[in-house]
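Quick one: the structure is below, questions incoming.
So that you can tell them apart, the chains are marked A, B and C in the order they are listed, and the count of residues begins at 1 in each.
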Amino acid sequence: MSMKSGSLGRYIAMRVALAIPMIFVLLTLVFVMLRVAPGDPISASSGGAKMSQEKIDELRAAAGYDRPLIVQYGDYLADVVRFDFGTSVSTNQQVSDVILEKGGATVTLATGGLVFALLLGIPVGLLAGRFRDSAFDVFARLFGIITYAAPVFVVGLLAQQLFATKLGWFPLEGETDPLIANDIPATTHILILDAIWVNDWEVVWNVLWHLILPAATLGLLIVGVFIRMVRVNLIQTLRGDYVEAARARGIRERDVVVKHGFRNALVPVITVIGLQVALLLGGSVLTEKTFNWPGLGKQLIEFLNSRDYVAVQGLVTFIALVVVVISMLIDIINALIDPRVRY
Amino acid sequence: MTTANGTDSTTRTGSGTSRDTTAPVLAARDLRVWYGSERGPVAAVDGVTFDVRPGETLGLVGESGCGKSTLGRGVLGLLPPGAAVDGEVRFAGKNLVDLSARQLQQLRGPELGLIFQEPMTRLNPLMRVSEHFEEALRTHNGDLTKDEIRTRALDALRGMGIPASRYESFPHEFSGGMRQRIMIALALVLRPAFVVADEPTTALDVLVEAQIIQILADLRRNFDTALVLITHNLGIVAEACDRVAVMYAGHIVEQGDAREVFANPQHPYTQALMRSTISLSTTGLHYIPGSPPDLAHPPAGCRFHPRCPKAMKVCAQEAPPEVLLPNGTRNTCWLPVPDMTTADGRRPLEVEEISVADEA
Amino acid sequence: MANLPTELVAPTGPAGTAAPKRAGRGRLRRTFAPILEAHGLARFMLWTGIAITGFFVVIAVFAPWIAPYGYDAYESGGERFPKQESPGGDHLFGTTVQNFDVLSRVVWGARTALEVMVLAVVFSLFIGVLLGLLSGYFGGWLDRILVLVMDTLFAFPYLLLAIVAAFMFSDVPGGGIVTAALAITVVYIPQYFRVVRASTLSAREATYVEAARAMGAKPRTIIGRYVFSNVIQSVPVITTLNAADAIATLAGLGFLGFGIQPTEAAEWGYDLQRAIPDLGADMWWTATFPGVAIVLAILGFTLVGEGLNDVLNPSMRKRRIRTVVIPPIAKPRQVVTVAAMPAAVPAQGEAPAVEQTEDPATPGASETGDAPASATGEPQEEGK
């Protein structure tokens, strides 16, 4: 139980080591699902258009699909290690370039959704837990359930109709007004950061203005999870032993609730953020489609529609890696915040 | 005080030691603490009267669920929602039962302290030891400077054998015994006049237990703190308590000088309790047949009568009086006062009646 | 030194030795009893959810009789439906750009959703429970690999997983409905797997399995019963919430264009996606009706699931506790002083001198605060 120097370093090393088999399994799953599945990439990408068998064979050989699966699997793993996610059959682009180009918009949207969910979910959850079984609590729980139940695209369409078409408060779709951001050099590939970098505040505000509706739509998908978790945590924390002990020392009720209750109830939020990343990324596919947001999700749908197996496999691989890495990072951040986790 | 009076048995057996004449720090009269439950009110503490004087330790013993812990928390006003307190708890000229939540909160800490059974989970895991002390001292002594807080906290910790170098550590870096000593230091840094220690050693191993008991003994010697020591360990009572109160099903059935009660237990429950105690001289294992009553529906009359080997007819009908014996022991029982009952009432309770009463 | 036993109770037989056969049925009854006893928000959610779900199921089952036309009908009696007609007349919910009758599409859509949902739940329940049992019962490498695979699937964004799976299963026999159901199945297997594996593991460790084995019962039978009685508690909640998710995922797939083709069956997500251009042209009905249908169907199952969860999860169950009102003391405390210590065994009839006093130290009457001493008079004065 004693404090050892470097315990944090050891924890991080352990956590990274733990992620490796997970990544391996993920990559294998992606490969199996997309490559072993019926149909092969070349004939699939040809779509309805009839190609001659020779032509197909030629393309297959060029792409290496005529080799044994196990060799292809080895190549795939080796490529992923080098961050090579293949080349799109439909657009001839490197998938890694596509990720760089479109990833920024998805990061912006997902971050916006997460921030919205946290800003709304934490206070609502804390109040609901503090005043358990009050009218507000009942309202908060129903709100969380309904927002979780309503699909992203229904909420998105509704928001578009109301706030964009009818009221005109927000733009209907897209990440910016047309052409406005063409001159911004791609430094981070996240438009809003690039605009800040070159001090183009008009673009920054324009992106934020476009972001509000999709971010709120995506945020509503996960806000219920935060409300519920924060509420339950607070209720359990306030029943806890150290809270009773603090009361026994005559700590003011307000301090008990805020310093011992809120603070401790919010620690697991970080873990839950990690768990929501998957939901957030899945939801962003639908949000991007609904709001015509130029991110990876929209790109993925386009690749799927053109039956571009290679690009789909590349993107899915990348997204899987992102999920694993983020959940690992979250665990490490958690260890930094909560001293108990390291032991 | 003990040394002044010596250990002369006559002084002790008479209830007139000089300690008894000083005004009690805390005096409870007919204290009742009832819980709400799905099955209706639970009379966890149901009419309890006792005094605790400065520097005195009152041991509170009884089986699990007899209301010991509820009594301790009820005095400090630390009760779950739905619970109610009735009666009188006189402390520093005030009746604690009548105080508002805010007034009680201000008394807890500087006047009334509580030490818990389970030290492992009683410190906020995200707060350093130092932050716990700063919070407690700031709340009750708003004008202390940071240095003064540090000095007082380190003094209190040193008194418990926790070195100053551990002041900035987190709770999980301490062992159970150390955490309990930190909890005690945290309770004592505010110098309360009255402390309830709720089974402070139950969760700790034997060596640590002796250490904690020693600390509590020093405490009343050095600060004249009045202590209620809740325990089911009769050894601790014999060792560390001046007086003892035996609780059964929400009632104090017997209280008096600790040695007197141990040497000459009066109430059948106390006698049974002593018999079930395991010691080196134990020849067989004794237990009390039956189980403690459901406090949502306690038996009529004496609550112990369904399990009492000496139960009489009257015991099942009427609550017994509190009988003050010449040695100062108070025994709540019909047995010492046969002339207060009829001859019929003194007839032993039939076995069938016992089982019926037990079921009720 | 001497510790009192915490419970001074006569040692009785170990608790919970009820025969497993009984336990299973008892658990079942105990599981569903709280539903009828539910109150407050849980009750509201349960019954609202059951009402909505019931409505949905009725529509789905009787779709052929309720829907005025077929799901892919664009004409009736040789007469082509009007295009994008607003609600009213022959078409209560209006018509679409493809000349479909919106009401018929919505009604038939319920049937599609129910079919996919039932298939997906049955598939994932079957596969998840089977794998969970195998994994928990045999352990070893099989268990490790399955756990790793399931954890990975669980961590994967579920919609992406469903899309990829739909892509993968696009050629299975049975058409779009089976494809969609299989795609959704992949997403939910890990949940059942986890629950079943955990309770199989604990069943294997439970001592009474050992005991029953010693008595000659087959361990497989016992574990089966144990697992069943355990799983029956969590599965209803998971299943109803999964059913809600299945509808959402199906609609999501349809919305993205990877679902069921319109000629194959009516599907709300697809219809909603087709209705987006209409919204710009002020044609609200094509999007609103399928949208409302999706939300209602999901909400119904979610409410049932949440209500069940509230009812079955005892730690979060709200207890109905009324604040206690303590009645006044019926009989004041009686304090009696006796002059002599009683003999060890008081002889019958021997009456020690008794001085009886009503205790003055009832609340409020006490001035000095040391009532027990003053109440008795004599020894008190002796002390002074």
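The rule is short, and it goes like this: contacts are C-beta pairs under 8 Å (C-beta built on N, C-alpha and C of every residue); 3 or more make two chains touch, one makes a residue touch a chain.
Note that the structure is a prediction, hence the values are computed from the model and not measured.
Chain centres here are C-alpha means, and the one lying farthest from subunit C is B.
Ranked by how close its C-alpha mean sits to the mean of all protein C-alpha atoms, the top chain is C. Taking B-C and A-B together, the pair of chains sharing more C-beta contacts is B-C. With centres taken as mean Cα positions, subunit C sits 27 Å from subunit A.
Here the CA centre of subunit B is 43 Å from the CA centre of subunit C. Averaging C-alpha coordinates per chain places the centre of subunit A 55 Å away from that of subunit B. The multi-chain contact residues of subunit C, meaning those touching 2 or more other chains, do not exist; every residue touches at most one other chain.
Per the touch definition, subunit A reaches subunit C in the complex via residues 21-22, 25-26, 29-30, 33-34, 37-39, 133, 138, 141-142, 145-146, 148-154, 157-158, 160-161, 165, 232, 235, 278-279, 281-283, 285-286, 289, 300-301, 304-305, 312, 316, 319-320, 323-324, 327. Residues 40-41, 45, 148-149, 151-153, 155-160, 163-165, 167-171, 244, 248, 251-252, 255-258, 269, 272-273, 276, 279-280, 284, 287, 291, 294-295, 298-299, 302-303, 306, 316, 318 of subunit C are the ones touching subunit A in the complex. By the touch rule above, subunit B contacts subunit A in their complex via residues 76, 78, 101, 105-110, 113-114, 116, 118, 121-127, 135-136, 139-140, 169-170, 172-175, 183, 186-187, 190.
Looking at the complex, you find that subunit B touches subunit C at residues 14-17, 20-21, 23-24, 27, 29-30, 32, 34-38, 41, 47, 49-51, 61, 63-64, 81-88, 90, 232-236, 238-239, 264, 266, 272-273, 276-279, 287-292, 319, 321-328, 330, 335-340, 346. Considering their complex, residues 1-3, 240-242, 244-253, 255, 259-260, 263-264, 267, 338-340, 343 of subunit A touch subunit B.
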